[in-house]
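For clarity, chains are labelled A, B, C and D in written order, and residue numbers in each chain start from 1.
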Amino acid sequence: MANDMARNTSIYSRRESEARSYCRNMKAIFTEARGSELFDADGNRYIDFLAGCSSLNYGHNDPDMKAALIDHISGDGIAHGLDFHTDAKSAFLRAFEEIILAPRGMDYKVMMTGPTGTNAVEAAIKLARKVTGRRNVIAFTNGFHGMTMGALALTGNASKRGGAGTGSLSDVTHMPFEGSLGEDVDTLGLIDAMLSNPSSGIDAPAAFVFEPIQGEGGLNAASDAWMQGIEKIARKHGALLIVDDIQSGCGRAGTYFSFENAKIEPDMITQAKSLSGFGLPFAALLIKPEHDIWKPAEHNGTFRGNTHAFVTARVAMEKFWSDDAFEKAIAGKSVVLTTALGDIAALVEGASLKGRGLMQGVDVGSGDLAAAICARAYDLGLVIETSGAHDEVIKYLAPLTTSPQIMREGFNILAQATSDVTTDMKIAAE
Amino acid sequence: MANDMARNTSIYSRRESEARSYCRNMKAIFTEARGSELFDADGNRYIDFLAGCSSLNYGHNDPDMKAALIDHISGDGIAHGLDFHTDAKSAFLRAFEEIILAPRGMDYKVMMTGPTGTNAVEAAIKLARKVTGRRNVIAFTNGFHGMTMGALALTGNASKRGGAGTGSLSDVTHMPFEGSLGEDVDTLGLIDAMLSNPSSGIDAPAAFVFEPIQGEGGLNAASDAWMQGIEKIARKHGALLIVDDIQSGCGRAGTYFSFENAKIEPDMITQAKSLSGFGLPFAALLIKPEHDIWKPAEHNGTFRGNTHAFVTARVAMEKFWSDDAFEKAIAGKSVVLTTALGDIAALVEGASLKGRGLMQGVDVGSGDLAAAICARAYDLGLVIETSGAHDEVIKYLAPLTTSPQIMREGFNILAQATSDVTTDMKIAAE
Amino acid sequence: MANDMARNTSIYSRRESEARSYCRNMKAIFTEARGSELFDADGNRYIDFLAGCSSLNYGHNDPDMKAALIDHISGDGIAHGLDFHTDAKSAFLRAFEEIILAPRGMDYKVMMTGPTGTNAVEAAIKLARKVTGRRNVIAFTNGFHGMTMGALALTGNASKRGGAGTGSLSDVTHMPFEGSLGEDVDTLGLIDAMLSNPSSGIDAPAAFVFEPIQGEGGLNAASDAWMQGIEKIARKHGALLIVDDIQSGCGRAGTYFSFENAKIEPDMITQAKSLSGFGLPFAALLIKPEHDIWKPAEHNGTFRGNTHAFVTARVAMEKFWSDDAFEKAIAGKSVVLTTALGDIAALVEGASLKGRGLMQGVDVGSGDLAAAICARAYDLGLVIETSGAHDEVIKYLAPLTTSPQIMREGFNILAQATSDVTTDMKIAAE
Amino acid sequence: MANDMARNTSIYSRRESEARSYCRNMKAIFTEARGSELFDADGNRYIDFLAGCSSLNYGHNDPDMKAALIDHISGDGIAHGLDFHTDAKSAFLRAFEEIILAPRGMDYKVMMTGPTGTNAVEAAIKLARKVTGRRNVIAFTNGFHGMTMGALALTGNASKRGGAGTGSLSDVTHMPFEGSLGEDVDTLGLIDAMLSNPSSGIDAPAAFVFEPIQGEGGLNAASDAWMQGIEKIARKHGALLIVDDIQSGCGRAGTYFSFENAKIEPDMITQAKSLSGFGLPFAALLIKPEHDIWKPAEHNGTFRGNTHAFVTARVAMEKFWSDDAFEKAIAGKSVVLTTALGDIAALVEGASLKGRGLMQGVDVGSGDLAAAICARAYDLGLVIETSGAHDEVIKYLAPLTTSPQIMREGFNILAQATSDVTTDMKIAAE
């Protein structure tokens, strides 16, 4: 009977808000997870190509982080420490300085915001407005930055924006992301022209905010040249450059920060999702020291600086980023991924590849088709999701640590699902 | 040397944002905590009358929650599950239904928002605007609801609001909280008069949002009559009633929800802080089913539904709320607290008591004095903080589980600190 | 046939917007007007107790202004001069300096805004925000300041505000006007308390804007003490004081500016309505020289500085304000008016008098009753209108120059109309 | 002495706001004007190529309008009639119906807004938001629509926008006008792409607002194809089409409405400037009957429906628009103008022609150069002004009725001035 209860999902329809989403199509009750595998209450195994939307870049329950966390809890380590000094926080900050910042020649202050990406984004735009005395912020088509009012104003998605009801999503100008108006349209030229014209009606911006690879927006990957162009335009017009690296960071794009190859120097960087390494709520805003003009507690939050996350995040840095082995492994897997997705794209007429690093996908041209393929894949034991303005992109976000074998297994399922669905459609069309 | 490093706080000035606050005055590096006691790297012991700003109502590292959490992690339970069904989530929802909702005759849907209070507040006002088609929200003087742009617009504190820089904090009307204009001013009459006058310029409100006891605003406790009055005014003017129970809830005010005695029926209730029981990031919005009109994913978030928090929150409910023993214990301690604070207030001319339940404090009339007393108390081994528009209230927020002995020990320190500071002042004044 | 056409109002229903209002109840086609009398196409005579809502304080077609205007036009004087220097403008400014400003010891710059009151109000709040660097403006219940978005945000009336549809009426805090919460509520204390509390959520204001007598809001006349109190609060909180004297100015309240007896010193004063003296479109903003920080053309408008209005406005000042005879005459008539309205109020149970000077009225307690009385008065040859949040005040706004004889004639009609309507109501009620 | 006073401009520096502009460079005190000629207090004559910024399309003091207006005033015709029916208003509406609307097959309601262009624009956007229930309005680079907060939000010019200080200019998206991003950029495609992308962040618009020829923005003339494209995009996205014809209308562009040749059907049309024919303040909003959902007085204003302007506007329509003679004359003069401006452009390296009809100009590439030429022209007896984001366009806006002889005389002065200035510059450069 306990088992029956464990498998009964009526509590969800009875008690959980209609806002719930993933569980509607993937109805399993998950109970355990290791690495790139999920297990449900009936013992079924699923390969995880979603990884908590890139919050589990190092896989589920990494044994080293797990050991450190259990050790911390067992010893009555601090669980909640507001923004007090704690040994766990000291160790996190030191590791971040030594392993992440110093080797990259980066000089940033770390702001512990509330432990969700949207909190970090809110802190960033508040600070940019304080620093510059300007109000307008430039965001981009297909950008996604969060659900609280300040971050939602930056977010492009009409359905998400609709959640604000009659509330005002103001003080933001939405500009076209690279490629969004067609391959041949010079978006940098357009943006610079609009801002350079004193009669354009676009107020001088406090900041530009963009994702190097748009995770929710369809895996649109900005080129290095475009990122450099935006940096240049921002500097020219006296605006700060904010990179939202929440989904694309922590190795997902091939380097720790997704923009490293572009050699841009953001004034602020938002981090969340895989920052804790273990899937725990954690977010931070990196701020160039000269812009760190916050007064004490001017932006605070009860859960800023999740102590459990400090513990696992430190282990993640030490384990994966102390040398370049992990980066090299990602590079290798990225090539494998491109090839595998290319094979899948070949099954769908007009399909094309999107993204880069281990943040790639297949644009199958239709949200219905993408949904059907993901649903079929789920039935075959693969958790994978869609992305894009029309949900038309099948998005690969497996843990970066996924073994070649499981990658291959997952690709096979995805190919099977794609083949099944397209075959069904052809039959239906005949 | 490792120990030296453990005691070195230079990493904070070098790497943590200027936004940090508590650690500026209470400089210890905390390493362990149990119940109502904190320990630092040098083995010093501190009594905790702050409890993570009411996030640790059941104390630090409660052994039962700790065991359950370690068990969950050890067994590779889900750490991050997006909004999938999980065994931990099912169990949490069932416990919430059986232990919290059903016995109180309450019917609410649970919305897992991002795991910070401000996210829950943002979800609430977005939904209220969607439901009513109205834009304006009524908030109150000295109210505190969070730091993201939507919640910050509701927040009264000028310094916090200043963090938004030039950003727009709009669509909110701030009305006087009970007592804020003086004991004899009828705030309910005033509010109803303003809203009933079609030429007042106050647009018809989507919602009223208030805290039954204003935690950051100075422990102003609304009377049952005032809460009933606001409910009546809200109903009269077609507005939803949203109770922000983030700091005052989970037993802090004497009952699970702080407004239970007033017998009001909020349309939405925000919860966070002690909801996880263990100090883990966790927040939820309770919604009357008829208002739960969210479309799937219309408001979402990566860390909505923190799975570790599901585990500990369930244990907290089972352990503390399955019968009325805990509630009775709180009632007893509240009486003790009132007496003890009265003794301390007697040491300061003009001081008065604020708040109710285990959320009481002493208004010493001056922020400087309150800060001096708290600083002295810290030196004597007691962590306690201030609150109020001028930080003029010394705020007791110890774990609800604090033993009578430790309560007494803490009161003695606080009395000593108050006496020391007032004596010093008298000497300085002579 | 020409006559038939002259009396045919079908063109209005066919071609004029549904926004039209006065002509719906008072359907005559007016053709001529002299002093306080209007004549329609059928030769019917109407006494005018409305005077273009106080735009015709010196009556219709004052012979001296008329002669000067015809002379100007006949001689090909400038009709439209943008903001060029013209002889007519020079003469206007000199007369304004010598007749209005100098004798009152007032030092103001004159800004020619677009020739409507709302344009002057918009200029005032824009400038106040520029001067102070603050955003929030304090306006009052029952205040009316215009229909363009900036002025409408200050306006209290819900129906007028509704005209903005989904547009944002932001950056304004609405506070209670004197008496609006009941005779015994200390609105000054309330306002100061809200602004003095750093956690009230009311942002520091750029300006206070009020009408000394609220024309559309129900003839609520602020006491000298209240105006002085608002001035004091404004100074205390670093806000500018803006007096909207559009309807109450130009002698209507007994003195040229309606606030003269209160001896307050506004930072800005808006003027329009009777400023031209002849009913021509004309508005101005008076600005304390130290606040006149406009850059050239930073606020402009095609019709700023209506040249025909310069001509008539100069004559009006010379004729009516060169000595104190006119002011004395107004004082005498005000006494007569109070008595006459008292007699009318005596006919309606619970009715009371409102306003002061020649801007008085009778609050009959119900918009329906007031409308019925005005409609009956119109049938008897008297043009008079209502005011107030519920249109419950019968408002006397006859030209200041109305002869005692015509005043008496009008009062008789109004008494008759009131008697007729209340008698009908009693019969209906039986 | 009286004469001295007449020539003394110290009253302006002493008493008129710093916002004044034209009179700073053109310092004459004008006293008389006839047709296309202005005369100052010293009897100097100036040719008027500015015409009140297109408010005097029929010249100064047209004898027929002048006679009708004197006749009206002499007979004590209504000067100020609120929105009562008057004989003058009836006649205006009938003439507008018969002479303007009917022959063009146009069906519009006429809304008498406050008598300035900005009031008409405010009414238009308020109504569009009411009709559609949407908030966002699309405006264009280099657009100019007025100075009140609603219209200013639509206006592109940064200096004008700066006049709002910290006030919020929200709910508007600024899109590129035809040609503003370079000749080869497809602005229609860009706009449609942004609006068609559900993740662009551009909220569904209530309306598009544009000027067929941007008067203040540099005489950018939209092609018929572009206007048709905007109409199509507006229809596709459920938005209303609002044409701001304030400066370009009343024959200025060659036809009564400037968009007639494009055969578009705006939902609303704003009119002002030359609508009265005589330079009197007057504005109107034309509304498709199905959108005329105003409630009575929902948008009103003291000076809505300037009665003197009704008189002159009727004469203007009867005299100039009863047959096609005037339109043909404009066509002829437009050809002459193009040739003449071409000759002037030939004097300046890189100069090019802008605009169409009798709203043309020369882009000399630099605001300083354009200002110098206009200043020199003024010294030689020609009033002419600049336009454009950088004030780089010398703008011809002479009365449409200007005789060929005076046109030629003015062109000669302009050519002389251009030659003088460019010669001086060459000498200075050597």
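The working rule: a residue touches a chain if its C-beta (ideal position, glycine included) is under 8 Å from a C-beta of that chain, and two chains touch if they have at least 3 such contacts.
Everything quoted here is computed from the prediction, not taken from an experiment.
Going by C-alpha centroids, which chain is farthest from subunit C? Tell me that one.
A
Averaged over CA atoms, how far is the centre of subunit A from the centre of subunit B? Could you give it in whole Å?
30
From the C-alpha centre of subunit B to that of subunit D, how far is it in Å?
Averaging C-alpha atoms per chain gives centres 58 Å apart.
If you average the CA atoms of subunit A and of subunit D, how many Å lie between those two points?
Centre separation, subunit A to subunit D: 50 Å.
Which residues does subunit C have that touch at least 2 chains other than itself?
Counting only residues that touch two or more other chains, subunit C contributes 159, 166, 168, 170-171.
So what shape is it, when you link every pair of chains that touch: line, ring, star, complete or other?
Here the contact pattern is complete, since every chain touches every other one.
Mind listing the subunit A positions that touch subunit C in their complex?
By the definition above, subunit A touches subunit C via 166, 168, 170.
Applying the document's contact rule, which stretches of subunit A touch subunit B when the two form their complex?
5-6, 8-9, 11-12, 14-24, 26-34, 38, 41, 50, 52-53, 55-56, 60-61, 66, 69-70, 73-87, 90, 93-94, 96-97, 109-112, 114-119, 122-123, 125-131, 133-135, 146-151, 153, 159-160, 162-168, 170-171, 206, 246, 272-273, 278-281, 285, 287, 292-303, 306, 308
Using the touch rule from the top, collect the residues of subunit C that touch subunit B in their complex.
Interface residues on the subunit C side: 139-143, 154-159, 161, 168-174, 176, 180-182, 185, 189-190, 193-194, 197-204, 217, 388-390.
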